[in-house]
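Both complexes shown next keep chain A, but they swap its partner, so chain B is in the first and chain C is in the second.
== the complex of A and B ==
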């Protein structure tokens, strides 16, 4: 059925405001940043700026940017992996095992971290992770004389803090995907002689893949641009490209370079998803 | 890079993000709107100050005394880095009366046209100021005064008196293998480069051999426990014994010792250290220039300084009369009159954009190595 003029108008008037809003709040600032990334000085400097590719050239000319980029991507990978390893079983238990009021209560506990300020969460981790911190004191009280547990300013500390911040995304997206799986499909698999593991591998996992993918995307993208958690929890060990971008804006006042680095990071994300997308779609479709 | 109390509660992350958002929105649509948002109506009864948080100008008792004397209310806005200060001045022209500008940044603000010449005749305490700060070319351009010298201080080495029974008099203590994982420096490109330049015997402001500076900074890696970012951060980590030896600001070191009772010792190494001074500038098209002159005059007065220094702890005043008015028991009186130590200082000068970018790139590269 082709839409009539009336329904076309309805679609336009209903979606129009949303698109207008998105255009103003997302497209325009990004476009401004893109333009900025090609200038040789910040537009706030009262001197005429001219077009240059030097900001992009800086990234390719300095090897330390490559290291930072690689670490950011690795960090994104680790945080996504641990969020999956912790979040998926939790989502599975919630969707398929827990029923009724308990489910609501547990859901509330999962969403709860979102209600506190991110910075407060991270600073609380510094108290937990440092030597003489809560973990250290706990270990010392159970095993007196055990070596000091000082995780603060280490790479694991950054991963712990980020997993804590982003875990709810994974649980929620996986939960929605898992809940949508009809239990009779699982029963059918079982009644046809598949083991529990085979049923999970052949039925549940492929059907929940869209949830895993969207959860991973929601985590991976912000984590590779993160700068606050690596700085506070990682000390000298938490170098990321996101931190360098932040410094270009706040310390060096070199906005064009910061903008160029941001777009390089965006391009890397797009390339990663571009490469993975057909593969993931095939996996999802083959189920 | 100056001896400032930075926002105690504030995380750099939050502030930076806020700054970023503010900046980004200013770039988008805000540029045209901001002048209309200024509260010009209140201008005549109000002095708007732009400074670091908790850095003298926003002491409650001082503002009460100032209000009593002049009837003017002082309103504050804060910055977390000097480049943020310049950005604020550029994006909100005509919004600020008094701006605290570091010696190395006053010239830059002058050049950018965001501050205006000061009528020193309206500042009665001006003549009392130490001429070496008052008449410094860093604050005066073409015979016009763009900044009134306010306070000065040192960025040198702080150490734990619990750990060091002998004063570590050489800058090489930072690199000493005995201090593995016990050293901290600030996460700041210019400060790091300056110190490495001093340690390699170069001109701190314009080091000619950057490769040597880089090598020296890389050699610091095994000793580094952490990079500190704010005074609050420094105090917390020092108290938690995260490090024993650190490049630190003199005013902050005195505060850590007197206010927080931390076992902090402070030394200007034999090789030298970084000296800095802060000026008070008046914003271009300041809504209340007359009030700004009055506030600046109050800020360099001995009575205000003595109260600030004794109650809270302050960097040294650029007004010798104010220093002389300090009680003899005040630790800063003796500390800042160590003429031999002062002679070893190199004072911060303005850097070119290219130098700033080079230092920043060098430090980013070094930090990348630290993370490996």
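== the complex of A and C ==
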């Protein structure tokens, strides 16, 4: 064997197993699902199926699916926005104002809950938000006789639960971007006579934009595909595209329609990545 | 003035932490509360932990989760480390393309991946004449490894990037055999990355709900799937008890990860 053949064998045997695994569990299944989305019968039905565009027609023809999609995108927007409004100042404080062991400790505390079970965290919100829950009891103890606060199964409950789940992503990505900004740039802005606000607006914010964008992508994508959180915290009011896809596979057993809806969800994700790609690229190796 | 601003910043960070920890604390506290209806005042009792110890369904689901997470850790860490070494130590055509292929498993919503696996495995099973093999613990394991692989490759790869290939070449030039180079140079360089990656892989699998949900046949569950089913059926504080245990275990794991892998530490300066 020549050295190049040996190297080639080494590369192939090192990467082969991982990529074979990914092919069988990600890429081939996605291809299979694309094929399924054009079939007129579920594979669960023992009759032969033929190709059709009806599943996509159902989506584009029924206002119901449009409103589900709009609802999901709106939910993604609100969750991303609130995560930014809460997370960015926290990331800024951590990156620029808190130093030493404190920074390390707070940082660890912020990422820790992120590693506890997502389902468990959503479930625990039900005990905080429902009537006679923690928020309700808190309000009652401060204002006796105030009307009962029951947020469970409402739109705000879904937003709160999702913000709680995904906030660490935003803090993490913004923190990395903010920390990479050289403090001398900020000092330069200040010494050239810019006010604190102007320095922030013209120097810090633009330089941290890649972090904001990648944080937003990391939040927006899973939120528009979420079904567990809206189901637990929103009940029937939280109807999302994700919930409908889940039902097509588990309840109504209309797999081809579910597959078509999944591909529409995937298309939305791809469009978002397409729009954000130039910004993500700028961040380079950090992603 | 400066002190006032610092106090404000500290207060804000504490508020964020309160928001992040509020539901977790509430759950842990209620796990030790006697009332089945989450009623207050708080009365300390271990009744839900005792009930949990007798709940075979939950315990079996927990055992399944641990077994799958362990198997996932071994498989994903080995395959991922191999690929990371290839990426870190060789340049070859198609490398960038192969690395780009690691993003779909992370960027595609799990709902889409989970349902796609369900469909594909169903077709394979039917083609083989065993429709039953489409779902089960083995199918769940296949899915978990696919999700963990990219993380392992990234984490081990990051570690490799910090140490140039020249270290290994230097050892070889100084007369070390390939085995000695591997044993005395490569392994010590890789080890912290591999440890961090395997803990990562364990956490990804142990927490995975969506993929497991679609690939679990009736009667076979993992912990997250069982918790989801219980929540929808009408929950009991046993869920709080087991959730409290899970949270303590996963946070403990995470603290170990933090020891090996510095998040946002000094190293992020060169990112």
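We adopt the following convention: the second predicted complex is superposed on the first by the 243 of 287 C-alpha atoms of A that agree within 3 Å, B and C clash if a C-alpha of one lies under 4 Å from a C-alpha of the other, contacts with A are read in each partner's own complex, and residues count from 1 in each chain.
By definition in this document, a residue touches a chain if its C-beta (ideal position, glycine included) is under 8 Å from a C-beta of that chain, and two chains touch if they have at least 3 such contacts.
Just so we're clear, the structure is a prediction, and the values are computed from it rather than from any experiment.
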{"item": "Superposed partners chain B and chain C on chain A - clash or fit", "value": "clash"}
{"item": "Greater residue coverage of chain A in the superposed arrangement, chain B or chain C", "value": "C"}
{"item": "Chain B versus chain C as contact partner of A:153, first or second or both or neither", "value": "first"}
{"item": "Chain B versus chain C as contact partner of A:164, first or second or both or neither", "value": "second"}
{"item": "Touching partner for A:119 - first (chain B), second (chain C), both, neither", "value": "both"}
{"item": "First (chain B), second (chain C), both or neither touched by A:32", "value": "both"}
{"item": "Partner chain(s) touched by A:254 [first = chain B, second = chain C, both, neither]", "value": "first"}
{"item": "Segment of chain B intruding into chain C (one of 38-46, 74-82 or 182-190)", "value": "74-82"}
{"item": "Chain B and chain C footprints on chain A, overlapping residues", "value": "28-29, 32-33, 36, 43, 119, 123, 132, 227-228, 231-232, 246, 249-250, 255"}
{"item": "Chain A contact footprint on chain B (complex, rising order)", "value": "11-14, 16-17, 19-20, 23-25, 27-28, 80-81, 83-84, 86-87, 90-91, 112-113, 188-189, 224-227, 229, 240, 242, 356-357, 360-361, 364-365, 367-372"}
{"item": "Contact set on chain A toward chain C in their complex", "value": "7-8, 10-11, 13-15, 17-19, 21-22, 24-30, 32-33, 36, 43, 86-87, 89-90, 93-94, 97-98, 104, 106-113, 115-121, 123-128, 132-134, 137, 164, 167-168, 171-172, 175-176, 179-180, 221-222, 224-228, 231-232, 242, 245-246, 249-250, 255, 258-259, 262-263, 265-266, 269, 273, 285-286"}
{"item": "Chain B-touching residues of chain A, taken from the complex the two chains share", "value": "28-29, 32-33, 36, 43-46, 62, 64, 67-68, 71, 119, 122-123, 130-132, 153, 227-228, 231-232, 234-239, 244, 246-247, 249-255"}
{"item": "In the complex, chain C residues that touch chain A", "value": "6, 9-10, 12-13, 16-17, 19-24, 26-27, 30, 38-40, 79-80, 82-83, 85-87, 90, 92, 98, 101-102, 104-105, 107-113, 115-123, 126, 142-143, 145-146, 149, 153, 203, 206-207, 209-210, 214, 223-224, 227-228, 231-232, 235, 239-240, 243, 246-247, 250-251, 253-255, 258, 263-265, 268-269, 271"}
